[in-house]
Amino acid sequence: MTWVLANIEQIWSLTLDHILLSVPPILVGFLLAVPIGWLAHRYRVSRGVLLTVCGLLYTIPSLALIVAMPTLLGTKILNPANLIVTLTIYAIALMVRTATDAFDAVSKDVTQSATAVGFGGWRRFWQVELPLAGPVLLAGLRVVSTSTVSLVTLGALVGMSGLGYLFTNGYQRNFATEILTGIVGTVLIAIVFDVVLVILGRMLLPWARVDTAARRNAKTATTKAVTA
Amino acid sequence: MITFDSVSKRFPDGTLAVDDFNLTLPSRTTTVLVGSSGSGKTTLLRMINRMVDPTAGSIRIDDDDISTLEPVKLRRSIGYVMQNSGLLPHRTVADNIATVPLLSGVKRPAARTQALELMDTVGLDRSLAERYPSQLSGGQQQRVGVARGLAVNPNILLMDEPFGAVDPLVRSELQQELVRIQKDLAKTIVFVTHDIDEAFLLGDQVVLLKTGGKIAQVGTPADILANPADDFVNTFVGADRGRRALRIEQVSGRQVVVDGTGRIAGILNDGTPT
Amino acid sequence: LTGCGAGGDPLEPGSEPSGDGETIIVGSAGFAESEIIAQIFAQALEANDVTVEFAGQIGQRDVYITALEDGSIDLIPDYSGNLLQFFDEDSDAKSSEEVFAALPDALPDGFEVLDQAEAEDKDSYNVTQEFSESNGVTSLADLANLDVPLIVGGNPELAERPYGPQGLTEVYGVDAANIQFVPISDSGGPLTTAALLDGTVNIADIFSTTPSIKENNFVTLEDPENMILPQNVLPLINSEKASDTVKEVLNAVSAELTTEDLIELNGRNQGDEKASPEALAADWLAEKDLF
Amino acid sequence: MNAIAEAVAWIGDPAHWTGPDGIPTRLAEHLGYTGLTVLIAVLLAVTLGLYIGHTGRFRGISIGATGALRALPTLGLLTYLAIAFGFGIRLALIPTIIVLVVLAIPPLLAGAYSGVESVDPRTVDAARSMGMTEWQILWKVEIPLALPLIIGGIRSAVLQVVATATVAAYISLGGLGRYIIDALPVRDYTKVLVGALLVTLLALALEGILILIQRLTVPAGVRATRSA
Amino acid sequence: MITFDSVSKRFPDGTLAVDDFNLTLPSRTTTVLVGSSGSGKTTLLRMINRMVDPTAGSIRIDDDDISTLEPVKLRRSIGYVMQNSGLLPHRTVADNIATVPLLSGVKRPAARTQALELMDTVGLDRSLAERYPSQLSGGQQQRVGVARGLAVNPNILLMDEPFGAVDPLVRSELQQELVRIQKDLAKTIVFVTHDIDEAFLLGDQVVLLKTGGKIAQVGTPADILANPADDFVNTFVGADRGRRALRIEQVSGRQVVVDGTGRIAGILNDGTPT
């Protein structure tokens, strides 16, 4: 504890770096996965291909991918983009399946009836399909957020600042407290992100809390994403 | 008036859902399409608002061939009510009812006022306006569905088994409500069901369909009961199983009407048959 | 200066400019001592109004050299012998002076080293007192005659180094079949020490300034053939960034830095105090009354 | 592409197929860690999952716990266990397996309890009202019907464990991660790629086997439902 | 004979589902419990095979207080048929029917032979024996459910809305089938429904329930129709909405029976009331 207090400034700065490295993959991964998921939902042909590719991406060991990034992207080796792009790829791999399920889970009755009362295609997407996919998308996003925050620690192995530094550094110094601090910090960030997402969800999807079907779908989606 | 003129529909997978269908649905009356599962009822109904386009033949509303009308606009001018209500789960009751007016550019306060009035029309308490569909009972949801269908004050109202999923007591209430509303508003209603009792209760004109949208018989309920066209109709209306073959028995000093299956249908009000 | 182990990056918070001139990105290798020295460099430069960014614990030499080349960092503390060997495997420089003299030619264009410090920290092979006594081993030269299997512990990359297991074979004639290598990714840190103490390995590559050597009475094996080159600490810098001010400051640092300093700093970092590299650097600069 | 060709050539080199650092040895080690992990994790998590699914007890807690487990950074946990409990590198297998088990638990647990929960409660109710004992309900109804999801959980656990078992190398164990961890400090991309390729291939092979098992074990009636 | 003696059930969440219920269900007859949703019908039914234990009072089968019987054994001796059949989706039709005999240790070949016989009894073609439930229609699934309920040759058969989920045509067929089976086997059947028509068709004794398992009226169908105990009963059987108030009209030269809501109920067979 004394060590934590003595080094609080450094821990805080590592925490900030950790957050800055976590947010882009989560956001970008989500934003890219939604349209991809929609394509997979909409067109049978693309579905198999897209889902298989995403499954494959997930089996590549993360460390290898991070190390390969400078060659693939032509970036400098200390560029945080290497880590961010890698984690974005994992986020997409994880999220696309959920996004597909999210659009699949929108009741056909509802989309049909939306068409029947005169929603045009584009409007129907924004005002009906997307919001109704919301609860499942959120469930997937929460899983992605947790796993991304945890994966950012791997950056320490390639010189990226973040709470993972406390692991490598503590390991070299045989200093368990330091490592434990890093673990607790990482879990805390994950929890804070999760709480933020839940609150966002409540604000944006007020109906989802009372809708049992939506809650059930979200629950299934979480399970599926965890076992993906 | 809606006119089907040699209309056929073959789905891309080859199913011939409707085969050379001809019918006129008079204005301001209720036409019920009744038939068992897969007979093409929904397909016929959905051709009227161009959710499905016929592969042959034409459909006219009054004198416009609907294939010349823009689908989205057409749909906004026709009320549509379906089983499981098809309400938007993420919008409140009032917003659901106001969906189409809002889409067509009616201002929010005006649309809202109208939505509340429609809630009265369909017998929904206004206090439910801010609820979400999932917070309503099945029967209430269907009422919202009907209100939404009426929101653009359409001449035509399409109803696809709107009461198919609610329990018998509520169902009977909703049927009565529809009879009442129709008495006031006199829309051109096209109603789909596979319940012959419902068809007989609601239909001014009942259309009995066989597979492929083939018409087995068209007529008023009494016509059909009194002069069933063939065995298919007989079976369908239950005459051959005795459900329609009633007789009168004396129980506890009252005249009880019993059907051919032994079930008691009711009490005879008027002692002497006219 | 906030970051510690931060990549030089657009996301790096709190690297506000101070003074004029260009920014120098100071990097460190992936172990604590390098980070402490790098902190000393960085703080010394900052005290002289040079704008500094810090990128700590990047990785091993192969990585940070790449980082220097692609401009991710501009300056890093390095060790003379290994640096020379990295760029010129065939060099026959042996003494500290020879090595330092050979460096400018060996380095690729665009890079230079500044003055080297007296402070030295090199790989060293260590055995326990008991092993030394029971097998009569005090020098690497004794290993060839040993019939005990040699289990060498060290960082994974030692396997690829000329002074690694293959060096033992080539320089000291140890039978390659008699050497087993155990990679331990803690840069000769506490786990390596523990492995040596509990017998998981019987020879461990530990940096010579590591306090645990003294604490555990390990016997550092002599290296009569100078297989392991002298390893004086020196700044390796991108020539473009080597302004007069920068040179002056870093040379002043090197003039003061001793091997004893390194042992002490490492002790405070790894021992009970667990002082951070940042704090240690500040203490050292204050103690030496620099800037 | 060039890099991949080099990696393939590396793999093809007979010299890399013998000795303690040869592909067969590393592969066997990797499979060993994976097998041991999955065995332990299945015993723990599937049992617990079946219990939770059958009784409905501790459901909330276990969902929370799976979330928290997912947030635990593998690298941190690994180094912490290695140091804090004095396993050192001598007993490195213990922390490694613990970490991998922690990783494998969420998908296994989620697969098992959601599998049991996915069984139509009316079916379970019918089974009970026919006079099945609780054990009979579990063995004759719930487990067979939950099998697709249980095996789904195992699949995903195996996949994640295979991909992550590379970290074992970080605390001096073997496995395919050795290629990656050894090559990382010296930026030997070919070897890193070799490690990644072998891991991915292994993952795919195991995935294929498990899909096959899934096919063979899923009750025919359940398959009929799905295709219907 | 099944006797409910001051039986109450309060669920852990506080709901008083059944409040001081007293009733005798005679052997070898069909008693129908009818009432709207939540009136406690299912709860009453499930107390008979101890799927639910009463919080007060006792239930006797013949002269045994069931609380002294081992639940698993008791359940194996009572047939149970529920809505949506509750079949095991991973077992074939034959295995589903044979479930309980197999559980009780009957050998496979014997159980199988018996299962095939039961398929005849409930009117299922033997060729369906190797199918899985998902490969059957809803009506066929319910028949399997009934066959399974009969498999242990129980004295008592509990049926909880067994035909609630099938469409009206099939439903009516299944009802007739049950009437036929009961004529042959004469079990003690306890049948739950919320469809009053079904109750009147099947029940020797009909029990009309209000919320909390309160008995509104017990009697034969004709009793209830002829002498409804109160307004609740009147509403429930549809008398107040006019569904049971029949009158006779002349259409196309035939006597058509019309109910108070205007719906045509059927054709009168026998011109003169008896």
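Order of writing sets the labels: A, B, C, D and E. Residues in every chain begin at 1.
Please note the rule applied: a residue touches a chain if its C-beta (ideal position, glycine included) is under 8 Å from a C-beta of that chain, and two chains touch if they have at least 3 such contacts.
Because the structure is a prediction, the values reported are computed rather than measured.
Trainee: Suppose you hop from chain B to any chain it touches, then on again the same way; how many hops at least until you reach chain D?
Mentor: Counted as steps through touching chains, the separation is 2.
Trainee: Report the chain whose mean Cα position is at the greatest distance from that of chain D.
Mentor: Relative to chain D, the chain whose C-alpha centre sits farthest away is B.
Trainee: Taking each chain's centre as the mean of its C-alpha atoms, give the chain farthest from chain E.
Mentor: Between chain E and every other chain, the largest centroid distance is to C.
Trainee: Looking at A-D and A-C, which one has the bigger number of contacting C-beta pairs?
Mentor: A-D
Trainee: Hey, which chain is the most central one here, using CA centres?
Mentor: Looking at where each chain's C-alpha mean falls, the closest to the middle is A.
Trainee: Please work out the Cα centroid separation of chain A and chain B, and write it as a whole number of Å.
Mentor: Whole-Å distance between the two chain centres: 47.
Trainee: For chain A and chain E, what's the span in angstrom between their mean Cα positions?
Mentor: For chain A versus chain E, the centre distance works out to 52 Å.
Trainee: Taking each chain's centre as the mean of its CA atoms, how far is chain C from chain E in angstrom?
Mentor: Each chain's C-alpha centroid was found; their separation is 86 Å.
Trainee: Mind pulling the residue numbers of chain D that touch at least two other chains?
Mentor: 82-83, 170, 181, 184, 187
Trainee: Touching two or more other chains, which residues of chain A qualify?
Mentor: In chain A, 156-158, 168, 171, 174-175 touch at least two other chains.
Trainee: Can you list the chain E residues in contact with two or more other chains?
Mentor: Residues: none.
Trainee: Where do chains touch, given as pairs?
Mentor: According to the stated criterion, the contacting chain pairs are A-B, A-C, A-D, B-E, C-D, D-E.
Trainee: Can you tell me which positions in chain A touch chain D when the two form their complex?
Mentor: 56, 58-65, 67-68, 71, 143, 146-147, 149-151, 153-154, 156-158, 163-164, 166-168, 170-171, 174-176, 179-180, 182-183, 186-187, 190-191, 194, 220, 222-223, 226-228
Trainee: Using the touch rule from the top, collect the residues of chain D that touch chain A in their complex.
Mentor: So the residues of chain D in touch with chain A come to 3, 63, 66-68, 70-77, 79-80, 82-84, 106-107, 110-111, 114, 149, 152-153, 155-156, 159, 162-164, 166, 170, 177, 180-181, 184, 187, 189, 192-193, 195-196, 199-200, 203-204, 207.
Trainee: Over in the complex, which chain C residues touch chain A? Could you list them?
Mentor: Residues in contact with chain A: 2-14, 27, 30-32, 55-59, 63, 66-67, 70-73, 185-187, 189-191, 194, 269-270, 274, 276, 278.
Trainee: So in the complex, which bits of chain B are touching chain A?
Mentor: Interface residues on chain B, with respect to chain A: 46, 49, 51, 72-73, 75-76, 80, 82-91, 99-100, 103-104, 132-135, 148.
Trainee: For the complex, which residues does chain D have touching chain C?
Mentor: Against chain C, the touching part of chain D is residues 82-83, 86, 88-90, 169-172, 178, 181-182, 184-187.
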